[in-house]
Amino acid sequence: MSLGITLVSHVPEIANGLPKLLDQVAGDVSITTAGGTDDGRIGTSMEKIMNAFSENGADEILAFYDLGSAKMNLEMAIEMSDKKVHLYDTAFIEGAYTAASLIQAGVGLDEIETQLKPLTIKN
Amino acid sequence: MSLGITLVSHVPEIANGLPKLLDQVAGDVSITTAGGTDDGRIGTSMEKIMNAFSENGADEILAFYDLGSAKMNLEMAIEMSDKKVHLYDTAFIEGAYTAASLIQAGVGLDEIETQLKPLTIKN
Amino acid sequence: MALTVDTLTSWMNDFAGKIEANAQYLSDLDTPIGDGDHGFNMKRGMTAVQEKLQTKPTDLQNGFKTIAMALISTVGGASGPLYGTAFLEMAKKTSSTDDLGELLDAALKGIEMRGGAKPGDKTMVDVWNALVPEVKNGTLTQEKIDAAVEASKDMIAKKGRASYLGERSKGHIDPGSQSSGYLFQSLLETEGLL
Amino acid sequence: MALTVDTLTSWMNDFAGKIEANAQYLSDLDTPIGDGDHGFNMKRGMTAVQEKLQTKPTDLQNGFKTIAMALISTVGGASGPLYGTAFLEMAKKTSSTDDLGELLDAALKGIEMRGGAKPGDKTMVDVWNALVPEVKNGTLTQEKIDAAVEASKDMIAKKGRASYLGERSKGHIDPGSQSSGYLFQSLLETEGLL
């Protein structure tokens, strides 16, 4: 069973840029993104998030977000999606980088979550 | 005495995109960035960081970075710069967003640092 | 107190009018303690709702779903999933009742579930929490609405963007509380609803 | 064991040659526990160093400064500020000594200060920490260099990108330890240095 990553940011540039950092250490991990609103403003979009889930090549997804309202759209998208998605309240970039490195190294979900725990900063 | 923000990211797009998130809540705060290496690759550049310091309109700078090697270039730039720069090991985006909101609200450095403390996740 | 497709539509049109008229004010409220977009967000959302409702919904459930989807897909900010969830929960609840008070109760639970805010956290939850019981008791008045919105002013934000300001969020009306105030005001002003 | 502008230049040219020849290998070492660029980073840096050194430095301090600045401004990754600081500290130290062992001692302190890594953290610090005393004792050998580099293999990374992998960083040679190994190997191979 494969693990992938979905990144949700309020800013399209951040959503587009972060995979470049992760690809360096996790070239084989499927990483999909949802950045900005449907019309490209600062914000998030449940539809874009659902697309990011379905475009992701992995069976199970680890999802990371920047600010709180992104989390709400993420949760709605998770409720409406068939895929198994795990949502993390970690530092956005640092959590995603950690997860990407560990998935690439073949580490399992349990161990990944143990390593993500100290990066949890949102509620 | 005014406070500004400098953002250092390995990825040019992230360095360019993050100010859009911060400007929404901190339109009056001077925010300067250094993203990528001198030749636009993924990485950081001490020279770009020094430029970000000197371009910043504030007297005192709060600096945030994404990954550890950015911190080393930041510290070298700080040693070589005349400006007073405070470096934070917080979650990158979340720390910068918190600082920007508080600077805009006129909060002083001490109180800002108290609020940044729980976001510290690097060493 | 039984809602119909027609009274739901009137309610929404009235609410859309208030949002439109007060969009700048709502965004101004969002400026010192947020990102200054709440009025524009809600205006975009309610304009989409009004357009969708020009085609009469087949039933109440459909009406609520249409409203929810329009808000979810156009608002962009936190208020999108929050109001969206409120209307989605009301849609679900129409399977068992068309009583306005019970529907609003379900909406409030939805907002709390979606955002994780509790009363006192300086969010729209405070206004809903104060006013839903008044609707159920038949005691909703403009004074009570104004008081509920005003009460957000002295609170310290624990959720949403304003929470980043901590103590500094005090002294400002919460924009989402104000827009929710308009939603309840529209209930008062819409014929045959209360 | 006194360094001169000429022996420094020979040392750097020899090191640049090794980096050039092993760039792909160093990047391959960086792939399982990093971002796969260490060899390319170092090659870019040492090519810049070689170019700068084509103009003969006026004195030892200037030579070290030139090397440091070239590395700092072209490498891009963590190894840039680390090697850069090493050479910068050696530049400073030339004010009081031209003894290779003492200069290397200052370099090691600089690397530790810059990166905050301690011996055992699976970084280049381990190789410097093991080999600087050998230089000072006049006991540096290829075997000792190989052993110091190889020792990084079983360590668990506590600093740098490899530290994100925790336990999984075990079993791989640290790329920065390997490139530092080449730096010491160049000391062995450069006439008149040890």
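Going in written order, the chains are labelled A, B, C and D, and every chain counts its residues from 1.
Criterion: contacts are C-beta pairs under 8 Å (C-beta built on N, C-alpha and C of every residue); 3 or more make two chains touch, one makes a residue touch a chain.
Just so we're clear, the structure is a prediction, and the values are computed from it rather than from any experiment.
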Between chain B and chain D, the fewest touch steps amount to 1
Here the gap between chain A and chain C, centre to centre from mean Cα coordinates and rounded to Å, is 29
Between chain C and chain D, the Cα-mean centres are separated in Å by 62
Note: chain D sits from chain A at a C-alpha centroid distance in Å of 37
By the touch definition above, chain B meets two or more other chains at residues 24, 42, 67, 97
The positions of chain C in contact with two or more other chains are 35, 161
Contact graph of the chains (line, ring, star, complete, other): other
Every touching pair of chains is listed here as A-B, A-C, A-D, B-C, B-D
The chain A residues in contact with chain D across the complex are 24-25, 97-98, 101-102, 105-107, 115
Chain B partner, complex, touching residues on chain A are 9-14, 16-18, 20-21, 24, 42, 66-67, 90-94, 97, 118-119, 121-122
Counting only contacts in the complex, chain A reaches chain C at residues 37-38, 41-47, 67-69, 72-73, 75-76, 123
The chain D residues in contact with chain B across the complex are 35, 72-74, 76-78, 80-82, 84-85, 114-116, 159-161
The chain C residues in contact with chain B across the complex are 32, 34-37, 161, 164-166, 168
